[in-house]
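Presented sequentially are two complexes of subunit A, the first with subunit B as partner and the second with subunit C.
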Partner chain A sequence: MSALLDSRAARLLPDGEALVRHDAAVFDLRRRRDAAVAALPDFEALRAHAEAIKAHTLDHLDTYLERFESQASAAGARVHWAEDGVAHNRIVHELLEARGVRRVVKSKSMLTEECGLNPYLEAQGVEVVDTDLGERIVQLGGELPSHIVVPAVHRSRQEIGTLFHTHMGIPSGESDPVRLTEHARRDLRPRFLAAEAGITGVNFAIAETGSIVVCTNEGNADLGMGLPPLHIACMGIEKVIPTLADLATLLRLLARSATGQPITAYTSLVTGPRRGGELHIVIVDNGRSRLLASSAHRQALACIRCGACLNTCPVYRRAGGHAYGLAVAGPIGSVLAPALQSGDAARELPFASTLCGSCSAVCPVRIDLHDQLLVWRRTRARPRGIESGLYRLAAAVLARPALFRGAGRLLRIVWPLLSRHWLGNPARAWRVGRELPEHPGASFAARYRRLREAKR
Partner chain B sequence: MSARERVLARLRGAVRHERPPPGSFVPAIADSSWEAFAEMLRSVGGEPVGPVEPDALERTLADLCTDAGSGRVVAGPGVDGAWEQVSDEVAPVSLADVDVAILRGSIGVAENAAVALDGRHAPVRALPFLCERLVLLLEVRAIVPDMHAAIARMPVDATQFHHFTWISGPSKTADIEQTLVLGAHAARSLAVVGVRSHAESFR
Partner chain C sequence: MDVALFIPCYVDQLAPSVGLATLRVLEHVGCRVHYDPRQTCCGQPFLNVGATREAARLARLYGACFEKAEAVVCPSASCVSTVRQRYAELDPGLESACARTFELGEFLVRELGRTELGSCFPHRVALLQSCHGLRELGLGHPSERVYATAPEPGVTESLLRAVEGLELAWPERPDECCGFGGAFSVKFPELSVRMGRDRLRALAATGAEYVTGSDMSCLLHLGSVARREGFGPRPIHLAEILASGLET
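On to the complex of A and B.
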């Protein structure tokens, strides 16, 4: 287990309760996904089809982006290109500033989280209100989303009640999800009506028609696109797909993989601005072309951000999204981070995995996530500190059978000590909210020998 | 060189394989009945009504609106009755107090209870999201089994296509401890009224 992830996990888990609730909540999404998959006889065929659509698109990404740009422009949208997050934020701000916009409503967009758009705009004096309920909760709490689909899954209803009490002035002690949602609705509705611009993400961009597609369950993106005169849609270069027919395949997979729903409540296609309004589309690279250039990792750009790999990941479920320190957490976050982010933290994340392969098994576009984590470990990712020493030690021990057997004997002696409370216990941070597994008392080789003899 | 040129140049440099586009997908399901649609609609929190004969539609709508408590009721193009009609001249903000909006859907999808709402039938884009309660009319014969068939039927001309929304059930959220709550930001309830074949086409 990564030392870095470990220290962040300690922040998420002041006690065992938050861990149990988080684990149950995200695994419930996994179960709903399984039920939806079981109800659809052609789900595996759909996955293969989606994988082929995305592979083909990535092979011709330049062509499809140009096609999308020309079709969107023909429909009346203005298309902008940004090489990185800084350029993206600047473009968005210039659009707002030129129109004197001070109040913006924003729907969920992992890209704008990745680029740090909110703090940038707020520093320029623009009021940005996140309108997805989960995003609003993490905005009020001053933190990053901890999950792609359910951003506030790390928060208890009591904590959310307290946040709403502080920021919306609701009576203290409220913790009923229905009433809390109603308070948020009443607080946000006037903000929608008063907003001068709406910023949204993009789930899919269709080259054939120049349309953007936005999927939500709450309807917040549609209010943000339909009320203010200015709509700015922000998309990564990997969001483009060739045709409307391709959209059918991907829509059938997205919500089923995310929450087990057959489709999100609202799936909106926007082709050009509405009457009297403006539509601007910002296309962002921010490191994605580096992934595209790597034959080992280009498939990661096929991701449709459903969150299925998070919900099934034994590390994510027990560590929580904030442990990753990224806008996108979980297995896909760890795969994207070494390419999209600089710094040691990103390079260490590929080690925060058991390589069990559950992520790859549920991915709706069949990204080989755990294989990619392994490739990162061999190439760019580096373990740090005590951990890098442990890896070297393990390599030395595993290469020498006699040493391996001796080390096993030693570990069986010290193991009970690691399970106890004592100052300086190297396993102390890990043991917050968890227990070390019990060791079986004998080596595998010894147990295997015993088993064979008993059979005879 | 502009940012656009630099990004595109990097992408061109990264082209490696030449994998062909996959053919069209042949789905395994084929039920396009009102019953299948209605069952799925219930499971996503919506309320199926009917199907009714065209001449009973006005009556059915009147009953639905009385149920809703008779606030401001507005109707989109192609909905007969004494309702306040909405045109694309109306400012979206002036519809903020709408209680019930009645709009015509053009396609229904049995596999996910989605109903297509295009620009022709929802002249103000924000209306189906501003109203407290949404009522969609759907011709029974406009139901298709799956999203592939549904998208194949989408009209791709500018006036209808400019905004186009698939609506499946009412607005919902599960952002607070995974508890499902209906009516997050948009319509708190959704009724889909099935209509048996009209003389004139819906599409």
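On to the complex of A and C.
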């Protein structure tokens, strides 16, 4: 049996205190979401409306992207198209190089994580500073974000204090969140002032106005867009929506689903460059058009990256985001992986779910996430080789009642063996932290027969 | 009413008492119960690992056993959910066989309109809401959803509330998954056990002697974790509680 999340033990959040804290911190976001959406009596109708907006947009994505490009260009922005992550990174680097930029501040963007922009730029000698506090913490720790909304949720206050002590020279032993934040702020301010370019993500792009919308709670994106003369905004093709009215609907859902806030502290609409500055918008495909072309998976592109499916996912909370080995973890990460990634992760992540369905039930745009995983299990991730042979054999037995009864009798005989520890025990996966139940003896079918015979 | 009993493979082999209890409850409410010994497995284990051809083979066997039944009743919510919600895409010809398959609790409450059966079970019992029963069959109210007005108690809860002497206890996070998930439990055993342990702690914290639910697979998983850990309430299926103290 393959066991991606388990075998990558180093990536699995260690059992014990860290795991308890992680589960509690992430589930707390789910609770806040519950409280926030319960205050909207029309919440379910709002979800249906948002789903319809996204479905309509994806059905006419080419039209809306072209409309967005022409409106954004008319407003003075330059729009660039990138087929994949490599092209995206090259475009960004060329823009920086042409202007002699060596220092960049970047606010949160899952797309740039997906494309590996930071390591690429650093290899070209460009200094990139992540300015979102959580992103800054994982950057200093040399890791990927473990959550799309709260990137450093896997870290304790104490660990963050130690990181800041090492990298910023703050006094050791600091673990007060407010003071840690003040230290980070003091460390970041001069970097903002020295930066020659700001890179941001994009939460929504409005086709009718050519505006981009950036949502943060720290205002770091606004500083990054406002101080340096060059602003580069990076977005996937699925970020475009038709109108400002659609934005109003989606904004009502985004922060409520993410953290239980009615709206993010800063929600900025940017239409064209600021006076004397330049705005470049890089629109990236990177495998998304493959999802768009697939009727089974198109709706996965409706995701607004609120993180609600991560917060509710009992598997994500017990594994930690790094176990997924991708920029986007959790249910939506496992749904996107087979389309956007190659290799083991793509084949194994669709199985990293109990199919409990809680992800689909919280999703503000009603993506049927657990059904999507099931579709991947029978297509890209379908069992092969020995595993598939075992399933064929098992089904051949179960399809013949007499064989099934015989297998049941055999199972009863070998049960005591399966219940013990020995190398090669086929029940060993079950016995990781569990005992087999006691075998109850005769089957229901046998007991039923006896019962009916006794009555006669 | 004539009722065909569907006792899924793992209940047949590993929890026959649940099948017997289901039979007893159905006869108690006046059903004429039939059991076709050709039945084996609904195919869910295959469907959930993407082995569609194998799943379809078992779905057709199910169809052959139950196509003439007026109603099929099964004490396993996730198997019922497989039959009702997944068969049509495996083989459109199976639609008629699958529409009339019910989980025991929903059959009693929704089809027969019965909640008071005369059962007696004088114990404190915690409820484990199995995910497929909860979110796919609607046997309760998922905590993710927003309801304009407070909904009526769910099917499983109503039945338990009507049991004499039974004291119902809700664990913290009333619908968190127990971590079984079929293939998940052996493909990712470490995570499955982490989830099971947490659920067990929450259930034990209610002070309940028993944990019950509409899916024996979840209960067997929790029981297996409990055997290793040496704590936790005893698993008992809903049917076994409903069959307790019945007079006829």
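Everything that follows uses one rule, which is that the second predicted complex is superposed on the first by the 371 of 456 C-alpha atoms of A that agree within 3 Å, B and C clash if a C-alpha of one lies under 4 Å from a C-alpha of the other, contacts with A are read in each partner's own complex, and residues count from 1 in each chain.
As a convention for this text, a contact is a pair of C-beta atoms (placed from the backbone, for glycine too) under 8 Å apart; a residue touches a chain by one contact, two chains touch by 3 or more.
As the structure is a prediction and not an experimental result, all values here were calculated from the model.
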If we overlay the two complexes on their shared chain A, which of subunit B and subunit C does A:P41 touch? Say first, second, both or neither.
both
Who does A:S388 touch here: subunit B (first), subunit C (second), both, or neither?
second
After superposition on the shared chain, which partner residues are touched by A:L418: those of subunit B (first), subunit C (second), both, or neither?
neither
Where does A:M168 make contact in the superposed view: on subunit B (first), on subunit C (second), on both, or on neither?
neither
Touch test for A:A18: subunit B only (first), subunit C only (second), both, or neither?
neither
If you stack the two complexes on chain A, which partner ends up touching A:D222: first (subunit B), second (subunit C), both, or neither?
first
On subunit A, which stretch or stretches are contacted by subunit B in one complex as well as by subunit C in the other?
40-41
With touch defined as at the start, can you tell me which subunit A residues reach subunit B in the complex?
21, 25, 28-29, 40-42, 45-46, 49, 52-53, 55-56, 59-62, 65-66, 75, 81-83, 87, 131-134, 137, 150-153, 156-157, 160, 177-178, 180-182, 184-185, 188-189, 192-193, 209, 211, 217-220, 222-223, 225-227, 237, 242, 244-245, 247-249, 251-252, 259, 261-272, 274-275, 283, 285, 289, 292-293, 295, 298
Any idea which subunit A residues touch subunit C in the complex?
1-6, 12, 15, 19, 23, 27, 34, 37-38, 40-41, 43-44, 312, 314-315, 318-319, 351-358, 360-362, 374, 376-379, 381-383, 388, 391-392, 394-395, 398-399, 401, 404, 408, 411, 429-430, 432-437, 439-449, 451
As the complex stands, subunit C meets subunit A at residues 7, 9, 11-17, 19-20, 23, 35, 37-41, 43, 45-52, 54-55, 57-58, 61, 131-132, 135-136, 142-146, 148, 173, 175-177, 179-198, 220-221, 223-225, 227-228
Once bound in the complex, which stretches of subunit B touch subunit A?
2-4, 6-8, 10-22, 24-25, 27-29, 40, 44, 88, 92-93, 96, 109, 111-114, 124-126, 128-130, 146-148, 150-152, 154, 156, 158, 161-179, 181, 183-187
